[in-house]
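Presented sequentially are two complexes of subunit A, the first with subunit B as partner and the second with subunit C.
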Partner chain A sequence: MLGKGEAPGHQTPAHLHKDDGDDDAPSGVVKLISAEGFEFVVDKKAAMVSNTLRNMLTSPGGFSETREGEVRFPEISTPILEKICQYFYWSLHYSSGKETSEFQIEPEITLELMMAANYLDT
Partner chain B sequence: MSGGGPPRKRNFKIELFKHRVELDPKYAERTWKVLEHAIHEIYNHNASGLSFEELYRSAYNMVLHKYGEKLYDGLESTMTWRLKEISKSIEAAQGGLFLEELNTKWMDHNKALQMIRDILMYMDRTYVPQSRRTPVHELGLNLWRDHIIHSPMIHSRLLDTLLDLIHRERMGEMINRGLMRSITKMLMDLGAAVYQDDFEKPFLEVTASFYSGESQEFIECCDCGNYLKKSERRLNEEMERVSHYLDAGTEAKITSVVEKEMIANHMHRLVHMENSGLVNMLVDDKYDDLARMYNLFRRVSDGLSTIRDVMTSYLRETGKQLVTDPERLKDPVEFVQRLLNEKDKHDKIINVAFGNDKTFQNALNSSFEYFINLNNRSPEFISLYVDDKLRKGLKGATEEDVEVILDKVMMLFRYLQEKDVFEKYYKQHLAKRLLSGKTVSDDAERSMIVKLKTECGYQFTSKLEGMFTDMKTSQDTMIDFYAKKSEELGDGPTLDVHILTTGSWPTQPCPPCNLPTEILTICDKFRTYYLGTHNGRRLTWQTNMGTADIKATFGKGQKHELNVSTYQMCVLMLFNSTDGLTYKDIEQDTAIPASDLKRCLQSLACVKGKNVLRKEPMSKDISEDDTFYFNDKFTSKLVKVKIGTVVAQKESEPEKQETRQRVEEDRKPQIEAAIVRIMKSRRVLDHNSIVAEVTKQLQARFMPNPVVIKKRIESLIEREFLERDKADRKLYRYLA
Partner chain C sequence: MGGVCSRKRSQLVHEDDSFQTSSRFSKTSSLKWLLLTLPRSNSDVSRKGQGKGPGRCPSLMELCVAKACEDINKYSSFSVLPRDLSQQIFNELVASNRLTETLLETFRDCALQDIDLGEYPGVNDAWMEVVASQRHSLLSVDISCSEVTDNGLYLLRDCPNMQSLACNYCDLISEHGLGILSGLSSLTSLSFKRSDGVTAEAMEAFANLVNLVNLDLERCLKVHGGLVHLKGLRNLESLNMRYCNNIADSDIKYLSDLTNLKELQLSCCRITDLGVSYLRGLSKLTQLNLEGCPLTAACLETISGLATFINSVLRYKWWQFSHLSKHLIASGETIKTQPCVSFPFVGLASLVVLNLSRCGIYGEGCESFQGLKKLKVLNLGFNNITDYCLAHLKELINLESLNLDSCKVGDEGLIHLKGLMLLKSLELSDTEVGSSGLQHLSGLRNLESINLSFTLVTDIGMKKISALNSLKSVNLDNRQITDVGLATLTSLTGLTHLDLFGARITDYGTSCFRFFKNLESLEVCGGLITDAGVKNIKDLKALKQLNLSQNVNLTDKTLELISGLTALVSLNVSNTRVSNAGLRHLKDLQNLRSLSLDSCRVTTSEVKKLQATVLPNLISVRPE
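On to the complex of A and B.
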């Protein structure tokens, strides 16, 4: 189930399928910053696959993240965050029926990824 | 995030990693301080400096490190403290600002609550369900309810303020509906129970007493129409109020309160209100008021039946007056026309104002049925009405109009219980029309027959149809007669014979009068011809039913064509040979029955403008000592003079009795036939069941009288169709 097929490339997930990123409602992008300071710019729509991020970005009252459009994750490392971003897009496509292949996860990052998933409620 | 499957498979558990727990004993306390501070900042509208991620992570870690309970309790007490503060500030608000303040604070609390829930989402998601505690949002609402709405300083003040505002709006003031909407919505958000207990219940009570007072006031000073208008307006206002700022569920409750206070409690008084109640509305065709009454009353139980009962008794009363008013009985056509008008009027009311309500239609029908049958001359009058319409009333009317009129008549006919009496009269009237050639439209006649047939079946109309057949056959016979015999007949008078089948026609055996010799000759020729072609038949002359056209020359040589009856013709022919005759002479020479003779002489001598005979002494009535002379001085502008017989169009009392008797006579075999039919299939039956079944079978034609049925049963027993059961005298057996 895991690690099947070729490993995903190293491109920045933000540029994946940029063409169909602005379908509806939450427009614009949000910057996700890893523990090491790497920045990932993703569509808000994709970020909202995570319930935590969804709440963060839609909560009333203007938390700093909403105002600045960036979220820092001091506890998530760059590779994990990258994987997470890939998952956001995969999930979007999967739920809309455009994607049917499985999402691949390398066994060595499984544990950390799951922790992050729990944190992000994804 | 799950491995490779679809993203919804997510119910796995995360094991805690011991190595990550760097336990600082002050850790929990420190983290909670951060969160507590954040909660206060949120309530202070100061959240922009906070990092959602940081707060979320703090709460996440607290829960992860088993400090969920501390977090939850801390939240609860912090929020409680904030709400107590808020409650003070709301209590301090003055007068009208109270609601505003409450609303503002509610909005603030809601927003804060949502932010708090968002940052504590992880707790909500894991700790709360595990330890079975109230979710954050609900907790926030409950705390608001307990510390704000149920705070003794706010609770009753809030209710009073709301009720006062609604009262002011009812009295015509403008109030801030948006604010009301927010407040009631708040109560709903706090739970349906809060809305109902803390607002709706007292609201309904206040409303009831308000309308109870107002309706009392209205009913003392308004007439029924105005009262209904006011009630309708109030009802609409209340519904509108609900749609603007109350919960939709309140509508049914509030309308039922208003209905009860405004309508149900005063229903009878309204309906019977003097000079403006239901009866007056009916009389004056007040469609709007009636429709209003219908629509309001239908909302309350027994409302419609109240209207219906009053309407029915009104209809019966007026109907009864109508059919028993001796003045009305003088003109049958007018009588029926009034019935029809009455029916049209109420049909329209039911259609326009009562939404064509079936139950009202039934009430109308049963009322008509009731009073039409109160007058046993109704069948005769209805037939006379049709007679009038088919004689002249329909001239110039289109086919549709005719249909409409006939349909209306059929409607009245349906109400009749004694349909056989109608048939009897209809037959008489039809015969007169056919024989005198007075019927205006053959189509209309047939259409009427078809209607009767669909209503009552073949049996009912077979004789009527036979009459039409006779007319047609007679026509053919006459054409044939003249074609074959014209050379024999020469210049004598022309004869037109209607050959009527005995039984189909309402003929009565009557001795033929003495016809003038000219006529007698041709009659005999016809008899020979007819009996020659039809073997074994018997012809009798019905001289009382014929008509004649005769040419007469008067004093100054002016010629007139007189259209008279056969009897009149016989009388007039006598004056060809002499100028003066006594009554006795005429009676002897013509052998016309006395009553007919008097009538025919009266129309010849006493009608102005048509007095071709002169009578001595001059008087209105014919007496047996009168002498008659040919009136040489007769003049008329018309060449053709039609001399009608003074007809008693309506039956006279003895004739009525006679018809009645014939009807009773005709009923006997029908009742007997019904009894035999029933007994044939049942073999054994008790008396009451027979009566019931016979009535059921025959009621389409008439209502058989139980006494008559009993007599028929006895007669059948005598004739050994039935016998009484030996053991049980109440039982009858059929004897095959």
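On to the complex of A and C.
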């Protein structure tokens, strides 16, 4: 995780790459920008846990987001976007069987996070 | 409360199978019932997703919904949320049994669309205020088994867009309450099972429901005379009036114009051939259930006429058309038509499912079956059907399921079933069929289920059965079947259900069970099995249902042997020497929902203790 944002995931992306021998996996990173302008740089593979982002990043027509490698979320605040990035990595690890602990959600952000999850279809 | 409601349901289920006694010597009741009566608390998202190793990863949405439910007391209102999200929280609270009257208040004015509180404990008029506060958004409501009264139902007048309403088993709703329905003209689906409120007068409210597609009035005993109010409901496709046993021929007359009907359930109504004759114009009917109606085979003329009637209309039109074109050609005009050698519409019979069981039908008139070419499911059980009648079934080549339970058919008759190549299920229980008749079935390659209980079939017939390698379910509950017959069946490795309830299987024969690795249900209750035989059962890990009752020599050792069959949902070891000391071996059977230990050396208190401490999923225990 690079850029101005703090690394949100449990593990660094570099670590992820190491044990990832899958050639079909999308390479590279994508920048997710919160309402306040905070930037989170995450692996494309992680971002694509969200169906909305997957569609943006893979659609052949080419969203401007695809070309520039960044997506702005004027409706999603920084702490929520950070939580979402954490979820992306948690989900990848869970699916590969490496994650067994529960994903923690703080009660005060539950509803806002839910709305964001709904938007991101994740 | 929850217990009360689910008991209500289970009693009804038993009424349905009233011919099946629930005494301790009876056979295991339906596994489906056990699986359907899961307590709601089992559908907890957090448990579904997390903690069970690498299953499907829960979505962030699911995690948030689960979290919101967990902290539900922290919220005072969800009206800030988009309605599809509050809907998800609501559904999860209901599914996990956590919704209370107080919590429901959080959902006031949330514009929810669906409120499914069917069988939910404690639902009463106070709940209905919040339900009705969803006003124009509300599309579907289920308050089945609730204590809602006419007053509560009346609140729904604020919800004119409602499309689906279920008020089954709501004993406190009277005929006065039903008036509100006339304002709910958007309703497409309405269900009022077992309601005394549905009287002939109250049904007048139904006349307004012109958009109704599905109407369920099962077990409403006061509908006689009220069907006149249904005659304008031309969109009706499905009508259930099972067990409305005061419905008479005069009522059926009003159904004759409901030509969009596809499914009609009239079992146990007082309908005779005359009543059936009013159905002749229902050409779209695909399912007709007349079980237990006092009919004769003469009604078959009408029923097959449902097919031939439409055929004759089309024939007539075709005749008109071909004459017209000849006429046109003769007058010098050209007309482009497809050359047609034969009449193209033959066999437009619409019925796919027909249930005539327990109607007391005799053979005469059975010729009319020939017209029902599209039939896939035919139930003729408990009639006086003979071999002669079976001859008229042989052209029903689309049949997939045929029930001849307790009919007067024998070996000779089975020859007519030879060509029914699509047959998957054949019920011959309590017939005069013997081993020699089975040879006619040897070509039925698709047969998956056969019931030969209480027939004259012996071990010799098993050779024919063993060739039917699509078989998954075989019932051989019959004293003539022994170890020898069972040994012939070992090639049927796909078997999932094997019923040898009364067959004379000994420990020696149990060694055959090793070939049936996929068995999900097994009944061996002939009395000859000992603990040594159970050794051959202990590795059948797929077993969900096991009945070893009546084998009086079985001891606690048996429970120890089967302690690894963790998929078991139902276990019956009644009338054996199982004792209190053996119960501890059951602790790993966490899926167990039904346990029968009648006439064993166990005490009720020990069984209750087992249920309370280690087997929380047990919902049916004997002795009680």
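Note that in this section the second predicted complex is superposed on the first by the 98 of 122 C-alpha atoms of A that agree within 3 Å, B and C clash if a C-alpha of one lies under 4 Å from a C-alpha of the other, contacts with A are read in each partner's own complex, and residues count from 1 in each chain.
What we mean here is this: a residue touches a chain if its C-beta (ideal position, glycine included) is under 8 Å from a C-beta of that chain, and two chains touch if they have at least 3 such contacts.
Keep in mind the model is a prediction, meaning the values are calculated, not measured.
Asks: Quick one: classify A:G97 as touching subunit B (first), subunit C (second), both or neither.
Replies: The second partner, subunit C, only.
Asks: Should A:E36 be classified as contacting the first partner (subunit B), the second (subunit C), both, or neither?
Replies: A:E36: touches no partner chain.
Asks: Quick check for you: in the superposed arrangement, does A:E75 touch first (subunit B), second (subunit C), both or neither?
Replies: first
Asks: Which chain, subunit B or subunit C, ends up touching more residues of subunit A in the combined arrangement?
Replies: Result: the larger residue contact count on subunit A belongs to B.
Asks: For A:N55, select first, second, both or neither according to whether it touches subunit B, subunit C, the two together, or no partner.
Replies: Touch partner of A:N55: subunit B, not subunit C.
Asks: For subunit A, which residues lie in the overlap of the subunit B contacts and the subunit C contacts?
Replies: On subunit A, the overlap between the subunit B and subunit C contacts is residues 84, 87, 91, 94-95, 102-103, 105, 110, 113-115, 117-118, 120, 122.
Asks: Can you list the residues on subunit A that touch subunit B in the complex?
Replies: Going by the criterion above, the answer is residues 1-2, 4, 49, 51-52, 55-56, 59-67, 71-75, 84, 87, 91, 94-95, 102-105, 110, 113-122.
Asks: Under the stated contact criterion, what part of subunit C meets subunit A in this complex?
Replies: 46, 50-51, 53-54, 57-61, 63-65, 67-68, 71, 74-75, 80-82, 84-85
Asks: Within the complex, which stretch of subunit B touches subunit A?
Replies: 1-7, 12, 14, 17, 42, 45, 47-53, 56-57, 60, 111-112, 114-115, 118-119, 121-122, 125
Asks: For subunit A, which residues are in contact with subunit C within the complex?
Replies: Where subunit A meets subunit C, its residues are 84, 87, 91, 94-97, 100, 102-103, 105, 107, 110-111, 113-115, 117-118, 120, 122.
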